[in-house]
């Protein structure tokens, strides 16, 4: 941050002599203070989880939901400036709906991430706007089964020309993270916000790479996500927080291809296990010390 | 030479030839016709029938889409469930039905932005969680507005719709909306040919609201099935395979592959005056 | 002193990732007179202090009914609130016209939140200089939302914004557990007591300077002003006087005469 005050950081879309766009870097700072948000891409679905810091006792409990549904099959969790997050979500919804308008089918995760990356990037190009003060994690499930085209009638030929190809499988769970610069990557496990370092360290321990086999299941993913949020919260332990979690599975899974909130009973069970494992670690530490 | 005022200041025909009015609309002697949009439906579905009973509504429509008098598509499902409280039945143009179905799909996606909790699907702890779900009445108001807007633009969606389900108070709801933007509500409703052939039969079953509150689900389904049969006897654009749905507090029960049973064509013998009959 | 170069517009982040213009707009809210809101299982209430420019002038409007099922209370630039309230009225009517259903409070709050966010991301615009409390009853029951110039919206059980509102919030936090099962009258009294806690020493709640808005499961949102609230003022501080110091209680009584 040695270049602060040299004048190249006062306007968006301006490069400094060493090729940096400071306003984008400052936008990242806004993200770094937000509650931790993570996403885990499991074998049979995706979990999104968020550490929601309780800023006031007067807030209604379990009300202020922050993980948003974009289309039936996709959700977004974000960290940073809340209103910017809602702007992002509202654009994502528009993209999903316009995709449906054109292609009569839900938007694939890759296309959604690409469109949103492009949109966020556009807010780094002009001095008349500022970059998004958020990092967003997009998770969802591209259908493997053949979905009927929106509004289709009839089933078409069962065999022969125009008939169905048997046994074709595409799609599956997807997870992307979009940064204020507009840069995005696909992830097996993604983390952003204040506790991202701790969260990333935990994510790296999980079996998430499908190429290596025995990738964790969605149910395990829910429990891990809860635990990781609790781990990431360790550094701001004095503050109260709420855990918000959503998930999405295939058509044959528990959410039937829809992005939904994790049922209360399952979330509470995951939280109980998370707290237990935290206590367990403390005991171990004590033993070591002893 | 024409000295009347309408010729003043105009090029003289004998020098320049007659004025060429082809670019003008036909009302001014030109070749241009007025702009027209949909003047008739193309691929069509026939009647939709619905009947309210004590705790819900039953609705039915056959699976045929006709191209003129040709029975073109035989697996077209014209009952579209919107959510667990509402079903829409479509009569009339099938492509307009597809358009409306996509519209309802995107409406459903929007409705689920805010109420996508896994808990509410399993009943939820409080009754209030389910309350904001769009009711059949809300849906009817919306569709009626869409239909009215399109007819006012002289670009109608060529359909007759029946919207059935439960209203805000979880009471049975049945209403229609059509290509003119007209809306109507009654204990029994039928569109198309059904309005002439099935409605009198249904009215015998439920002459008024009070009667529909007394009607059992079984009796209602039976009456609708009977009407589907009568329609198949007399409506040449109908088919013996149909869809039937029941909406009540337990949600939507939809069957899309029903077949007409116990048909009796004995009456056909007695019909005279058609085709090659001479006696 | 260093001059802050990062606070001239709402499209410039400071090196810490802050947007000063938005933070300054939040200050405008703190200049406005205090408003509070509380919800119970059955009711939602708003209470506000109205200011008058001078002795002979009228009092400002602090609570605006929007639709039959809800209303808003404002703190900050009243003209910005008017723009927002007009927008809210239009949106509420549109919901009733196209779907025949009252708009959800969460929906309308999100919509003004999105509008306010736009003002914080584009050059040549300024953030709204007003905070709102949105209270009423919809298909999901009674609700209270708080809206800030940044576009942040939160749902609360109780809330207070405006000048010295911290005192009101302290009162609300202290009595938080009681609200859920409060009856209508008791909820109004809580709101008035919270309001009073935010007044400076020399000020009192009077029929002239106090506004109330109440909505319930069985009743539409209604604005109460003037003599309509005399009864509430009387009973609220009558009871409270016993517990409080004699001097303050005495003042409370005087106002009612």
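Observations, loosely collected:
In this document, chain identifiers A, B and C correspond to the written order of the chains, with residue numbering beginning at 1 in each.
Simple rule for what comes next: contacts are C-beta pairs under 8 Å (C-beta built on N, C-alpha and C of every residue); 3 or more make two chains touch, one makes a residue touch a chain.
Please read all numbers here as calculations on a predicted model, not as lab measurements.
Core chain by CA centroid proximity to the global CA centroid: A. Relative to chain B, the most remote chain by averaged C-alpha coordinates is C.
The distance from the centre of chain A to the centre of chain C, with each centre set as the mean of the Cα atoms, comes to 34 Å. Rounded to whole angstrom, the centroid-to-centroid distance between chain B and chain C, based on C-alpha atoms, equals 47 Å. Taking each chain's centre as the mean of its C-alpha atoms, chain A lies 42 Å from chain B. In chain A, no residue touches two or more other chains. Within the complex formed with chain C, the chain A residues making contact are 1, 4-5, 9-12, 22-23, 26-33, 56-60, 63-64, 81-84, 86-87, 90, 123, 127-131, 133. Residues 68-69, 71-72, 93, 96-97, 100-101, 104, 150-155, 246, 254-255, 258-264 of chain A are the ones that touch chain B when the two sit in their complex. If you check the complex, the residues on chain C that touch chain A are 5-6, 10-19, 110, 113-114, 116-118, 120-124, 144, 150-152, 154-159, 169, 172-173, 176. Residues 97-101, 104, 106-107, 138-141 of chain C touch chain B in their complex.
Those residues of chain B that touch chain A in the shared complex are 65, 73, 75-77, 94, 97-99, 101-102, 105-106, 109-110, 112-113, 116-119, 121-122.
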